[in-house]
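Provided herewith is a single structure, encoded as structure tokens, for subsequent inquiry.
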């Protein structure tokens, strides 16, 4: 079975703490995602997402605080704005926008974190591998033989 | 000026004084009232529950006809018709489900053009684009109260009018209201413009008993009496209104009110359009003043000839 | 010792870079005095064989413009790499892929299908496409094979410097030539002919904090204020992320920077970074409102990656 | 980077956490695999890293192997990051060189599969190594504190806060926009549930404040702007001209006697009149007259001049000008209070049209011995003693459809007080209270309410009044008693509305300037509703009193003291320490496009238009990184979380 | 009288149907009674408007069936206009009448109009009252 690689960027105050809560509650879930802790989801820009895809991620997850709950007042709205525009670009670039997921998960929502991770892993599993490995010219071949 | 005008059934039968005075006044304002071709009853009551969708068909059909005739707005004087048309229109604007269902129903209509006899079977969906205006709004927004004031030909300052809004012009606020439901001023502003003395009274937006006068006739006596009495207590010598039903409850039924309230000895009730037409110089015959149960004619200085009077404005 | 040997070559490009080279005007005479131009198809009739006959490293400096679209481009790129001591990716096509690089939003087949079948001006019922080789009486005619995607020069051969711009402005070209002639070469891998900051540095418009409620396309804006930052007026401008050096030519004429000088030194992916930056300042918190405003940027990939798609992280449509 | 080209020496310590980690993750294997990872100098596993010997192990290895960065692969950083930072510091290592790899909460506890959990642990640790390779030594940012506080608002909350700060030995400036301090409380007659006289308890405090050597009172003044940051604010205060010299004024009242201009008296809620030159009330602080220039007949073009002529003390100066006073402070207490909801909005209760329909504060003035009727209950229209008084609760409150959705909290109690005080004054009168719910949560509150019903026979009817109108000289009240199911009509002589509390006039505009957020109702938003109830998210700003939402006097005073204690805690330090993981600007790359400026919710980034670069106030920067993500030039890089670090970590996670 | 409160399937169905038909939620009502205080017909009613809502909240359909209130509402919207939650009680009454129709509950029919009134009543009254109360 295809095991997707998922890159997760989590805000320190809410989603990362939610992931910790999932741990203290011993909620089991699929291990496909690995977390990178940032101070705020708004630290992440499309470059990081593109880089993750390029380095082999099949899906990218960004977790932030619920609107109105951001530790930095409104960082999550900035993330939302970036993700909204970037999803349009993903479509143009042939990347299924479903491969990027932005979700608001609070420090109290360990269960939601687990459900989201399982669900997202399944989504990506169904989409299949991304395979962005660079092809060499010879592999690629030329057009009009 | 030419504008679509929806009179409604009652005005053609029982409330001819409202219809006639409206037409007389509007003619004097150089406004040509056009009735939408083949109009029907609007349904009188707007269906309050979601499943009674059939109640929306007649008003939307009327509005669509206005649009077919390239009208952008429709004016009414009957407060009941106004409320139904306005709410139906709002539903077509705001409620996608109703919009779809009503338009699906209306798509099957067949329309025969009365002049060409051509049959029409295809209709664009109606999207709530026609503006529904009460005549008071039309006078304020399209004619302009300042302009109206300049056209006044008679002095009405001795007529102390209590403006009675009733329910249908003010509620529900978000769907219908032509003004703030608790502290409206549009009627007062209009009366001031035509030179009446306005009397404020606390019952101007209380219900008169409405259609209960048909189902439980006695129950409407008290609310109607309280309105009339309050107007009187506050120093009015006439109540002005815009709804044929309120008029029925408060004028036509006055003998029954008298039976219940012995101290009550009658109080005149007028349509606002009668005052308007009179102010604009109409002949007294056009106002239908003889139709009233409580004769309002003493209020009108019948001899006053519009051309002879210098109105001090 | 003789004069240093110079070469200028064009691969997949429009030829604008050569014109820009000539745009240094009378200074071309100084160049001619200083160097020996040994290969430049635009100016002189040197054959490929002549180059092949040269010794490895015989050319001192080669300015290579154009992207790598086909086998011929690749062949000459590899050839010139061997023959040149210093190979410069000259102009936006060679450094980042430029306009030809937007072909990477489809592939070779897509391009050919559109050009030879679908474009509105084409009538081609037999669906004839160019062939790599065609036999005629006189013999075999060949065309170089087209690659699936466009690549930058750096992606196929080792390069020494990048000099971006579509085209590089004349003043920068002259400055680079002077530097090269002086022999005081910058470290390998440098981007030359630029300044380290972004186009905003060279743009004289006043700038303030940005909060954008509406994006407008140039034809949608009535009057452009000549003194205020274009972005603040709702016109998408790539200036904030684009390497400086051009002198902010586009913003001077009320046109948002297109981004031809490529990503600024501090960033990796111009399109992604610009999209992130510009989306950040959308003045809305409601998801639908954000979507509405963001949709006003028509073709965001074409806007933000206009000159840099092949050189970007993804490089092409997946 | 710290190591100028020199390779970093990193130590990796993998914790078993008993069986918590080791029971699932093959910790030996993790430590073993990491040994060869680039940058790693030393790698081991240990049963309990957080234990004394575990920490000692880290400490020793740092010294022994000259490690310049350590990774602790253990539980969540929220638990022991501080612990290991302290241990590392003991060994002479900068605490910002310590990284925690979370392999318990986010690995062993959630993934029971040994192989998968081990693979994941390795990746997590590798990503932290990648981060550590580029970590720099960072020192906390230190900033001095200007130990002087500003209190905005001179009501009971502001005065209490000022006193409490001043008593701790710090200087305080109190800014009040009205001519006198005292706020709303000074207008009250008596206070619930003790019925002690409001003026009797507040006036001494007002005087105390003026006498306090550490307090500077600025009445008739408003805060224009505040710039700077915690510990170092610059305040501009607009001092409106009073046209009377406070020091010279002898309070003889001659000026008011001759003044021909009569205007409604604010102190008495417009129920009486004052002159254009006036003292708001006899105990006003500061004790001086104020000439209200808006009501004055005018000093130009023909000066009336009567007041000036009679002033022997020559205290009146028509040429007094508005002044801007600049002050430096280290902390600000915002105590801007509340206002009553506008009666005009309640059209069904007559708007403002009926003289005998009063709001709560107006009735307070009628009850007050210093009020327009000298404490005698008389109705405003004709001065008659009202025999039937209706009190209506929730006027404008708990009405999301038309007015305010919230409960104004104090009305139940003050209505009981009003009805009770009315009965004390008019023994044969009837008091009827219409209520929806009576909420008496507070010390001795319900007892007070019971007194109202038990001892004073006040009739409580459960139902919300729908309409009030005038008939003759009576007010007709249409209500309902939902308990018997009857529609009720009451002929009242007077009606008192328990009017909703609402945001004070001008507060949203002021808060916008101070960058203090307000909620949907216009109340100030606390940093955290439970744990930081008197702080603003904007550091150095403390919030207290009814500006945060409806509350009674003791609650407001408690918040004032709490805010003062917070200010004291701030001022107790000579320097503030600030986390150094901020986002500075790399000036060589920054061209001053201005995009990052609006990213910062703290105003830490400003554009220097001349130099065309962004300047960062590192004290204000909280290190969220929103600007770093937005900066299109890559000139904003978060310290120890740069783009380059994120790229390396992502790579390690995905390819490691 | 003691009532055994039961909110079972039937009751829930009734409550849900009322909510569905009005597009609102009767549980939003916090029983302040302002609708009843506003109602021009309240003095004639056996159940006040707020009590009707209360009965719906409690699922007591049977108690409402016989109530005069349902035919005393003139939909003047005074209740809705002043309701702190903006609940349309006229619509609730209409919904209940609608639900009771299939149960054979007869509110009003064309034959019920008094003959002497039939001649003088404005057309709109007849249409309105039939629409409101007729089966």
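Going in written order, the chains are labelled A, B, C, D and E, and every chain counts its residues from 1.
Going forward, contacts are C-beta pairs under 8 Å (C-beta built on N, C-alpha and C of every residue); 3 or more make two chains touch, one makes a residue touch a chain.
Only a predicted model underlies this, so the values are computations on that prediction, with no experimental measurement involved.
Undergrad: List every chain that touches both chain C and chain D.
TA: Expected: A.
Undergrad: Greatest Cα-centroid separation from chain A: which chain?
TA: Between chain A and every other chain, the largest centroid distance is to B.
Undergrad: I'd like the most central chain, judged by C-alpha centroids against the all-protein C-alpha centroid.
TA: D
Undergrad: Using each chain's Cα centroid, which is most distant from the centroid of chain E?
TA: The most remote chain is C.
Undergrad: Is the C-beta contact count larger for B-D or for A-D?
TA: Most C-beta pairs in contact, of the two: A-D.
Undergrad: Could you tell me the distance, in whole angstrom, between the mean C-alpha positions of chain D and chain E?
TA: 47
Undergrad: Give, as an integer number of Å, the spacing between the C-alpha centres of chain B and chain A.
TA: 61
Undergrad: In whole angstrom, how far does the Cα centroid of chain B sit from the Cα centroid of chain C?
TA: 71
Undergrad: Just curious, how far off is chain E from chain B if you go by their C-alpha centres, in Å?
TA: Result: the chain centres lie 27 Å from each other.
Undergrad: For chain A, which residues are shared contacts with two or more other chains?
TA: 45, 47, 51, 74, 78, 82
Undergrad: Any chance you could list the residues of chain B touching two or more other chains?
TA: Residue numbers touching two or more other chains: 181-182.
Undergrad: Listing for chain D: what residues touch at least two other chains?
TA: Only 348, 467, 599, 626, 629-630, 643, 647 qualify.
Undergrad: Chain pairs in touch?
TA: Every touching chain pair, ordered by label, is A-C, A-D, B-D, B-E, C-D, D-E.
Undergrad: Which part of chain E faces chain D closely enough to touch in the complex?
TA: 30-34, 36-39, 42-43, 47-48, 50-51, 78, 82-86
Undergrad: Please output the residues of chain D touching chain E within their complex, sorted ascending.
TA: Residues of chain D touching chain E: 348, 394, 398-403, 436, 462-467, 478-482, 485-488.
Undergrad: Can you list the chain D residues touching chain B in their complex?
TA: Of all residues in chain D, those touching chain B are 346-348, 351, 467, 469-472, 476.
Undergrad: Which residues of chain C touch chain A in their complex?
TA: Interface residues on the chain C side: 70-71, 74, 105, 108-109, 112, 129-132, 143, 145-149, 151, 156, 267-269, 271-273, 275-280, 282, 284-285, 287, 290-291, 294-295, 297, 299-302, 304, 312-314, 317-318.
Undergrad: Sort out for me which residues of chain D touch chain C in the complex.
TA: Residue positions touching the partner: 586, 588-595, 597-599, 607, 609, 612, 626, 629-635, 637, 643, 647.
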